[in-house]
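Next come the structures, one after another.
Common to both upcoming complexes is chain A, partnered first by chain B, then by chain C.
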Partner chain A sequence: MERTLEMQLEESIHNPGITGVLCVDNNGLCLGAKGSAPLKACGSISALAGQAAKLANPNGPTPVICLESEHGIVLIKKTDKLTTALFKSS
Partner chain B sequence: MSLMCTSSGLLFRLRIRHSDNTKLKSLLNSEGSLLAFSGFPDKDASAAGAIASNIWTSFQKSGQYSLDDGKLNCVLVECKLGKIAITKVANLLLCLCAKETVSYGMLKTKIEAMAAYLEEPLSQVASS
Partner chain C sequence: MAAPAHGIDRIPDSLGYLVLTEDGAVISSGGQLENDEVTANKITKIVHTAYKIPVTGDSRDTLRRISVILDDVVFMITVSQKKIFVSKRHYLPQEPVPA
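Showing the complex of A and B:
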């Protein structure tokens, strides 16, 4: 059941600059992670995506959240039942 | 008669989604007695089933008293050697034991998929 998700995560991690990838469900529970993605961030990622979706147009696509810091960039996107976070090195 | 009315049919349904990360899947009645299982030996499965049923009943009672809501959906438990998920299917309990490496989200998704798969045939058995 989880094999397809594992394969997709493995594929994502091989993109240049990506250091970690994390998939979270709507309850903030981790579905899968690869690389250096911090597992303790699962709840925060889901909550951030939920809050950002409230600010965006309800009929439009869900927003992509970009968090920038000295150490790298985190991109977060929420879909129907899943929130994905990509960790990139700067 | 549906396939689920035979024990072999029930075992087939429990085994069909078996993966390397799942140690045990068991189906229990409301008293914690084992109806069917797929995974490690019978003695361990019976003990695990009784404990799972006890945990479920305790949480359901607590929910009813403190939240005035007895509709418990799912219980996730983290143990030293693995993780356990418990949910209700028809009038029975479904318990899934997984390795400690399985994430909570995946475990919850698995037990929900399993419960949806067993819901219809077990409801037929429960109503007959």
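Showing the complex of A and C:
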């Protein structure tokens, strides 16, 4: 089962500019990571996705959260049971 | 006298704005977000959580801007001088130009 997730993570990390990718479950448990993704942020990423979803229409799509600093971007998207975070350098 | 909006009320095509203190109290608001304390509290929680996520490996490279993209609107959030600035705008992604 993990093999599919590993393959997807491997595929994501090969996109241009991506420095790390992280998958966490709804409890903040890290399910997979590749590259230089900060594992200590797993809980915060899951919590952030949950908090942002409260801004959205409950029947609509979940929001995309984009955190920007001077040299990097984090894109976070929650799906049914999974939250994915992509770390990019800019 | 109206509370200072620090120019955020002059953003073109804005649907609404909020200026909040660090703990989520509304300093100034307008448009669809006028006196919207529920959204103000949700956004304050988002900001506090977002600051715990390191964007890059460099700890000096701190968070500058948070965007929460919903279906057709986007909340642009930034922090300056211990205040949280929020602007709600239409989200119109540009179509990619084929090479």
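Rule of thumb we're sticking to: the second predicted complex is superposed on the first by the 90 of 90 C-alpha atoms of A that agree within 3 Å, B and C clash if a C-alpha of one lies under 4 Å from a C-alpha of the other, contacts with A are read in each partner's own complex, and residues count from 1 in each chain.
Note that in this section a residue touches a chain if its C-beta (ideal position, glycine included) is under 8 Å from a C-beta of that chain, and two chains touch if they have at least 3 such contacts.
Every value quoted in this text rests on a predicted model; they were computed, and no experiment measured them.
**Student:** For A:Leu22, is the partner it touches chain B (first), chain C (second), both, or none of the two (neither)?
**Tutor:** In the superposition, A:Leu22 contacts neither chain B nor chain C.
**Student:** Does chain B (first) or chain C (second) touch A:Ala56, or do both, or does neither?
**Tutor:** second
**Student:** With both complexes superposed on chain A, which partner does A:Leu31 reach: first (chain B), second (chain C), both or neither?
**Tutor:** First partner only.
**Student:** Regarding the shared-chain residue A:Met1, is it in contact with chain B (first), chain C (second), both, or neither?
**Tutor:** Touch partner of A:Met1: chain B, not chain C.
**Student:** Just chain B (first), just chain C (second), both, or neither: which does A:Cys66 touch?
**Tutor:** Second partner only.
**Student:** Looking at chain A, which partner touches more of its residues: chain C or chain B?
**Tutor:** Looking at chain B versus chain C, the one contacting more residues of chain A is C.
**Student:** So chain A touches chain B in one structure and chain C in the other; where do those two contact lists coincide?
**Tutor:** In chain A, nothing is touched by chain B and also by chain C.
**Student:** Could you please specify the touching residues of chain B with respect to chain A in the complex?
**Tutor:** 17, 19, 21, 103-106, 108-110, 113
**Student:** For the complex, give me every residue of chain A touching chain B.
**Tutor:** Touch residues, chain A against chain B: 1-2, 23-25, 27, 29-33, 39, 42.
**Student:** Chain A touches which residues of chain C in the complex?
**Tutor:** It is residues 39, 42-43, 45-46, 49-50, 52-58, 61-71, 75 of chain C that touch chain A.
**Student:** For a test of understanding, state which residues of chain A touch chain C in their complex under the given definition.
**Tutor:** 19, 36, 38, 41, 44-45, 47-48, 51-52, 54-57, 60-61, 63-74, 87, 89
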